[in-house]
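After the structure tokens below, expect a handful of questions from me.
Order of writing sets the chain letters: A, B, C and D. Residues in each chain are counted from 1.
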Amino acid sequence: MTGLQRALNDLVIANRILAHHGVFDEYGHVSMRHPGDPARFLMARDCAAAFIEPGDILEFALDGAPVNEGNRPLCAERFLHAAIYAARPEVKSVLCAGSEDVLPFSVTPVPLRAMLGTVGDMGTQVPVWDIAEKFGEDTDLAVSSLERARDLAQRLGGHRVVLRRGVGFVTTGRTLNDAVKTSVYIPKNARTLAQSLQFGKITPISQGEVDQRLAIDPESNAMRRGWEYWAREAGCERWL
Amino acid sequence: MTGLQRALNDLVIANRILAHHGVFDEYGHVSMRHPGDPARFLMARDCAAAFIEPGDILEFALDGAPVNEGNRPLCAERFLHAAIYAARPEVKSVLCAGSEDVLPFSVTPVPLRAMLGTVGDMGTQVPVWDIAEKFGEDTDLAVSSLERARDLAQRLGGHRVVLRRGVGFVTTGRTLNDAVKTSVYIPKNARTLAQSLQFGKITPISQGEVDQRLAIDPESNAMRRGWEYWAREAGCERWL
Amino acid sequence: MTGLQRALNDLVIANRILAHHGVFDEYGHVSMRHPGDPARFLMARDCAAAFIEPGDILEFALDGAPVNEGNRPLCAERFLHAAIYAARPEVKSVLCAGSEDVLPFSVTPVPLRAMLGTVGDMGTQVPVWDIAEKFGEDTDLAVSSLERARDLAQRLGGHRVVLRRGVGFVTTGRTLNDAVKTSVYIPKNARTLAQSLQFGKITPISQGEVDQRLAIDPESNAMRRGWEYWAREAGCERWL
Amino acid sequence: MTGLQRALNDLVIANRILAHHGVFDEYGHVSMRHPGDPARFLMARDCAAAFIEPGDILEFALDGAPVNEGNRPLCAERFLHAAIYAARPEVKSVLCAGSEDVLPFSVTPVPLRAMLGTVGDMGTQVPVWDIAEKFGEDTDLAVSSLERARDLAQRLGGHRVVLRRGVGFVTTGRTLNDAVKTSVYIPKNARTLAQSLQFGKITPISQGEVDQRLAIDPESNAMRRGWEYWAREAGCERWL
């Protein structure tokens, strides 16, 4: 299997894992930087994640333009992925999901913090991007232009995750598995943090613990154990 | 396929999507205005939504009377649909569901607000109808007469959604998909709002953002992506 | 089909509906008064509800003694059912379930109230029985004797439902369907009440609304719609 | 079937029951002391619990070293099990799970208490082990050495359960079924306690009630009813 075919299969698996976990429903999109060309990225056409097949994956430039013209509907928010790949050379995967559990941390002053060791790699700071700050209070909230995407990328800065007010969260990954693994745990972490805050003073994951988690190779056996398990759970054996 | 057959199939799909999502359980009813006659509407006989087939759909006049007499049990709350179609010519679909997540906003002074972009079309105001206000504290809570239904329609006014104290919510739609899509997200929105209120000052969807969401054609690709996905998830391919 | 065979099949369906809904898990028991002899009741042997078949149903006297000696393990809490049937001639069904959602109302001073119209028949008062009041703080919490059962029946009095501290709830029914239907909604009602209490002043189901719900025949079409739906959902068509 | 084969099958069933209940996901590990040699214990290779088969079970000494060298990946936290077996001769099973519901009790000053009769055997005290106390604020949180494991075992002391800050909980059992049964209920108990604390003064399971629960033979019919039910639910009949 070529590197590109491996990438297409992995992106299909990623979509279906995220759909299976309810991280994606009819909304949600994930991409990866092209394995052969850092100025390109791969993402599915506009389609619910649970149905995506390798033939649905398209190639984009870092301005969000599709490399091959076609007549398949494009994800309106491809610009979000493009701008992050342009701003962050080390990022190899970008994922955007809605989450009712994460949303409260995007619409109130309470910050999202890592409480579970498994999302220590999320870091100790999770910025929030509110489209209204720059684009006013009458948008459709969508990151449907490069201008909006660059503003979000600026708020993301060098962090791992940024929240979108009223929408959900964006995760970056050093690899596709890295982004997927963290994203599966982000809603659980949000729920456990919400409950902990009701109890009183919290002990979050420390900066040192974050650094240790980030030091683990995202492609090591321990970090890939979830991938194979979740791929099977999602019925994706044929693409493994 | 005729326009009527398309409507019957869509109504079956709608029922089954809503059952699949848990928006409907053994209770819950959805209707659409007859595609060929605005003085009629289509709704299933009294039957759990998960089992409805095209042959279960009946036709009603705007006083709730069935067009064809028959011996199939009728939904006791058909009057609710009738009164809304009579009061609101632009409404093409009406849906009524119980929801444990929405109920707290109908039995306390806290108002339901749109927090998720995906329910921005719910509007900035969601009125509450308490049957006891006009009909006293010893009813069975059911909208089982035109008189009760007209009182509810009055409280709904020009809004998209009205809550029923102790029961759930009523959604109106410009199309069937419009009502279904919003209704799938209403319980999620309620949960995320409840959590946000615990955190402090909230940033809900603004009037401008609501207007932008309402400006999107409910039958556009982006708005219909959920319909096809959810229909497949609910096992409805044969009626698509 | 004889009246007794109908009763056995219904009791199997009830068990499986309650297991399917998560009202029963490995714990949970339901009984009905014998259709031919008010001094007897029917209940399954000690077995997880999801596996019960007609051949598992045993007959008991109102002191909890099995009518036919056998070697199948008996439910240790059959005395609870016996004592209620003895104290309440109009009760035709008794059900006992654990519930994490109901438990907080049994271990704190906050009373369980009906908030959903669908559990209006639960009444405006739900007493709590704490075994420690009479039997001390070192029991195994089980209603495994007639003495304990009679104390619980006394606390139940003429009410529909009683909570057991640290265990769950007991529902009585005028028919089997009546007990099952209410019990399916009790955990949902508990969750929605817990959330409502966080919001402030609540509007529960009034006494008049309770009376109206209780006036509905539990075997009417409207009240039986859930039974058939849930039976199919639980894979019980063959016993319908 | 030999005692060892019975043990291997039971350990497979335990893994799959815990996966089926969501107590384990891609993380989670359970072991049992070797039936023929108290200086050994049995645990699966490093693999998601839902896929474990008898051939995946390995044998370890009480220093965490595998008895048979091989090339299958080992669970990094096998030392946790080893240290507990070494410190507690009466313990026959050890289980470690993540739990979003339990976590708040490990990251705040609020203690986990038994509220449900079914987890009375958890005891009235549940200590919390924070790896940072002894090992500093820059670990990866994993119990991946005997030194860390012994420190955790010391915090566990003679208790049934210990929480791991930022990770989840560790349960000990007098038998494998004992550890599994309690662990299935621990997250439910955590949720119900969290809700009860919002209501006010709580009535937890008393020491006397705990003692009564602990007096019940964990291998009695009543305590094994869940095992067979859950094994079937998890598709494990062939190993029963």
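In this text, a residue touches a chain if its C-beta (ideal position, glycine included) is under 8 Å from a C-beta of that chain, and two chains touch if they have at least 3 such contacts.
Remember, it's a predicted structure, so these values are computed and weren't measured experimentally.
J.: How would the subunit A/subunit D interface be labelled, same or different, where same requires over half of its residue numbers to be shared?
T.: different
J.: Could you give the separation in Å between the centres of subunit B and subunit D, each centre being the mean of its C-alpha atoms?
T.: Those two chain centres are 46 Å apart.
J.: Subunit C to subunit D: how many Å between their CA centres?
T.: Chain centres of subunit C and subunit D, defined by C-alpha means, are spaced 33 Å apart.
J.: Going by the touch rule set out above, which residues of subunit C reach two or more other chains?
T.: If we look for residues of subunit C contacting two or more partner chains, we find 198.
J.: Name the shape of the chain contact graph, picking from line, ring, star, complete and other.
T.: Shape of the chain contacts: a ring, since each chain touches exactly two and the loop closes.
J.: Taking the touch rule as given, give the residues of subunit D at its contact with subunit C in the complex, in rising order.
T.: Within the complex, subunit D touches subunit C at residues 115-118, 120, 188-189, 191-192, 195-196, 198-209, 211-213, 215-216, 221-222, 225-226, 228-230, 232-233.
J.: In the complex of these two chains, what residues of subunit D are touching subunit A?
T.: 25-27, 46-48, 50-51, 73, 76, 98, 100-101, 103-105, 107-110, 130, 132, 136-142, 165-167, 194, 197-198
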